[in-house]
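Quick heads-up: structures coming right below.
Shared between the two complexes below is chain A, which pairs with chain B and chain C, respectively.
Entry: the complex of A and B
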């Protein structure tokens, strides 16, 4: 009975729609076109190719003490995670993790602030705006390794010590800033400048209009810029390689471990860094959702 | 020396964005305190620029803008005590209705309790109490408009400027909100300046209608003056409801002159507002579409009609209380008769019929 009822609207709908249109609307239920399955298979393969190698690493990191670097799995335990943080021979994981997080936070803050200001600056055309824009794109497409090398050489020539919080910071910003600004442009394109005019009309000062209108309206976009800045910095390798100085950032540490560590500790490290990445992404997306929900109900009190 | 009066005087106001062409070109106008004034014209005629100059969002290149006896050029909107309602309302998307309305008080530094109380009073005035906690995106177009109105009105302006306030609404709501605007204007007792490109809106609302073209005022006056007594061809055609004919003056006798038309017999026109007409002049005249009567050939003309032009019916549109009959009376211009429904259907015409278009001689209006 219920099946009959459920079928009713469908048959009704098919009757009223011309045959040609039915096919286009079809994906709603049943009889999908053949192309759907072709594309779905393609997508499944893509996902497998994308995540498969990483999942191998995650799985192998949970072996027990007999574990090796290749399949098959030998037992299950958290042994290599403990090993990772206790053994000195695996390298300075804790220290490099610390530095990477600190560096990523500094990069994020600078990227957000500069991108926001650039977004404000580019609201109106100004003399040389195209030059500024293309110079920015140039720094985005410049080969990272070469740029890092150059930065390292420049520091040496100037007699400065390369370190993660000076030369590496600069090299990373050459990468995160253009990205942040581009994201900001996309965000700003949906900002209606009449809002600012309305704020001025209602007596708001420049600063009030930035604080009470522009920043709150752009908040989700700023979180997105922050996320970009953080993740780009956190796993940045090429630009940091020649600029980090004597103390490694995490990606550099992992790289050097691949050369001399021959235990699943390496895989455990991969698992941990991935978890941190996902926490950061989750927190960012969560805060965007939170901002939007808050807008829906904040004003009740 | 602050004045509460919202009378406005524009003296020689010009605006040029590129230094070459004047978007607003030497506008002089007086608007009385508490008047409802509509600027009307096609897009690009400078009406919105004038509004923005009065609002303080644009500075004039030349001229003075005087509000309540004080030249306000260079002052911020708040100092001018003007408030603007933007075309798409420009409500802050992240703030609730109440916070949107309280915004002006917030930037003035009023405490949260005070400003929300004041906002609630205003919300009541525009009948949005049950929507006070909603976001703009959750409101209909009409409700958004009321929020915009309330947000502007809470600053207690002496002049409220409205930039095409009804253009975002559908037809039915537009008529309804039109009345609401008028009601609010009377309730607040302040000057409203309203920019529109819809003739009906302007004549329905305004005490003072200002018709503009290419940065200049073509005619300013009471709605009925502008509609029924247009100065020139532009105003007559723009405001609508008129047939405009042109021709050469054939003879002038006493209070009348006769206009010779290329394709028809002479048209007799009274010499009311245009005393200086001489034979040979090229002259435009206007005849209201609802003054035109249609008579079958050979029948007697109604009393007072001396002119009758043979025409063919090109198209007929039923409009409810009247029927719009389009004719080929004059070769270059459209000629339309609005025939009352009952008159039309007593003896209906069909497309292709030959009729005589006629009107009482006194209703023909010579244009400048």
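Entry: the complex of A and C
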């Protein structure tokens, strides 16, 4: 994931030499080795298995009132989408949807700012940096449910009420921040320090060099951090379970639906939340490409 | 370490930059872990009330229970199976993208195609197997239509098989990305040189590609193993309640307000996880790997 963006700037540099050097394993022209077809098939099957099931439920969510959980498709209508937002039986989908989006936006903003600063800090070694680094890795690999329970108990012991905008916000940050900082590492490793030094030589203050040099150069990477922040928060489940308090976020709502709703409205919810995810992914990747293109044309022109 | 020679100013600046991160991680990672650790030594009234104190009763209970061993064996089984499948698929997918796709832009496009589902809901991706694997699902329908089986297979959904399928579906991306990353850094000239020196394709794989992707494999392994070991909802939903893992038992304990036993089992799990991760970290300097 982080490699996606990390590899983008590299593209142009390697493209020119690629034909000559990749010859060894996969000849750049002429006949492909037999293994190419075997691996291409494996890759195609992987992608099929990755997307196939998801598309099944999107299709099945458009059935009419007779619809069930499996194929064949029974009619086509938007019945289950209407059902999803109007029925009491399916729970407070609208409210949890609303909360999840708000929470994801807050988490995104905090993740971008904090990861960016941490990324700047980790460029140079400082006393105790290893402790902070492993604290972050620990936060990443710790079982989410255990952390969630700990946070819940902590709030209880302090006499605070658990809610989605306090305890769940913190619990989600303990998950999105390590990812954000890891992406920042990948982005920073391709940042050329000469640009920053040039800014200092020209008399820029530290703040000016951050605002006028580092942030514009790293903009695509920061968009990537935002993408991680938003989607990881929007889909976060294990850490929110014990920390969200009385009002559910969307994944918690989906979880309780998987346990007691056996109609295609579950699939309809899947379709709706995936559309939101796809919009966010599309907007992020689109803006990264836009920034890169703009840069490409301005350096050429 | 160089840190002993770094000037105090650099130390201060470094800490200033990471202080927001620390300010989040201390209350929401370090403190909760300590709370769970403390709770594991407390006594309970059985109704969710905790009495501060120091007793090892919860640990004795967890370690003496025959269930504990069963849960760990189940968790290890799921972890190992998922690890093997994600590693094989992840390795070859990354290998294909790095060494076989000639057009760099196409390679990035295909790579993105693999990563997009990572940014969508895991729960939705998990339940999306129901129309396929269910008793009346597509796979059973297809097999019956082909005459391979007469009665629908029941082991497809709500079984250990379904659990492993759901894990592999969700987690292969965690192998692909780091392995892709380390493979992309292999200098293609090295492979040219090996071919010129008469190496076979198998030699190249064995002596160059695998050793040089080791750090990616290690990183992917940490992700996959820690997620499977910390998971409970895939096991709960996809096994139909038939299987349990350490964390799903923890979840049940929390549900009936047995906090100390839950906490003791969580502490044990965390220790096992720390042992596994540090074993992997001994083979690779993850920090240098990531920041390089």
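Rule of thumb we're sticking to: the second predicted complex is superposed on the first by the 264 of 301 C-alpha atoms of A that agree within 3 Å, B and C clash if a C-alpha of one lies under 4 Å from a C-alpha of the other, contacts with A are read in each partner's own complex, and residues count from 1 in each chain.
In this text, a residue touches a chain if its C-beta (ideal position, glycine included) is under 8 Å from a C-beta of that chain, and two chains touch if they have at least 3 such contacts.
Every value quoted in this text rests on a predicted model; they were computed, and no experiment measured them.
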Partner chain in contact with A:132 - chain B first, chain C second, else both or neither: second
When both partners are placed on the shared chain, which of chain B and chain C touches more of chain A: C
Touching partner for A:247 - first (chain B), second (chain C), both, neither: neither
First, second, both or neither for A:210, with chain B first and chain C second: neither
First, second, both or neither for A:105, with chain B first and chain C second: neither
Chain B versus chain C as contact partner of A:283, first or second or both or neither: neither
Partner chain in contact with A:270 - chain B first, chain C second, else both or neither: second
Set of chain A residues, in rising order, touched by both chain B and chain C: none
Parts of chain A lying in touch with chain B, wherever the complex brings them together: 192, 194-195, 197-205, 208, 212-213, 216-217, 219, 295-300
Contact footprint of chain A on chain C as seen in their complex: 1-4, 6, 10-11, 13-18, 20-22, 24-25, 27-36, 39, 89, 92-93, 95-97, 99-102, 104-105, 108, 110-125, 127-132, 134, 136-138, 141, 169, 172-173, 177-178, 180-181, 184, 188-189, 191-192, 194-195, 201, 204, 222-223, 226, 229-233, 237, 247, 250-251, 254, 259, 262-263, 266, 269-270, 273, 277, 286-287, 290-292
Touch list for chain A against partner chain C, complex: 1-4, 6-8, 11, 14-15, 18-19, 21-26, 28, 32-33, 35-36, 39-40, 42-43, 46-47, 49-54, 56-57, 60, 69-71, 110, 113-115, 117-118, 120-122, 124-130, 132-133, 135-151, 153-154, 157, 170-171, 173-174, 177, 181-182, 185-186, 188-189, 227-228, 231, 234-235, 237-238, 242, 251, 254-255, 258, 266-267, 269-270, 273-274, 277-278, 280-281, 285
Complex contacts: residues of chain B adjacent to chain A: 55-57, 76-78, 83-84, 86-88, 90-96, 98-99, 103-104, 106-108, 133, 135, 151-152, 155
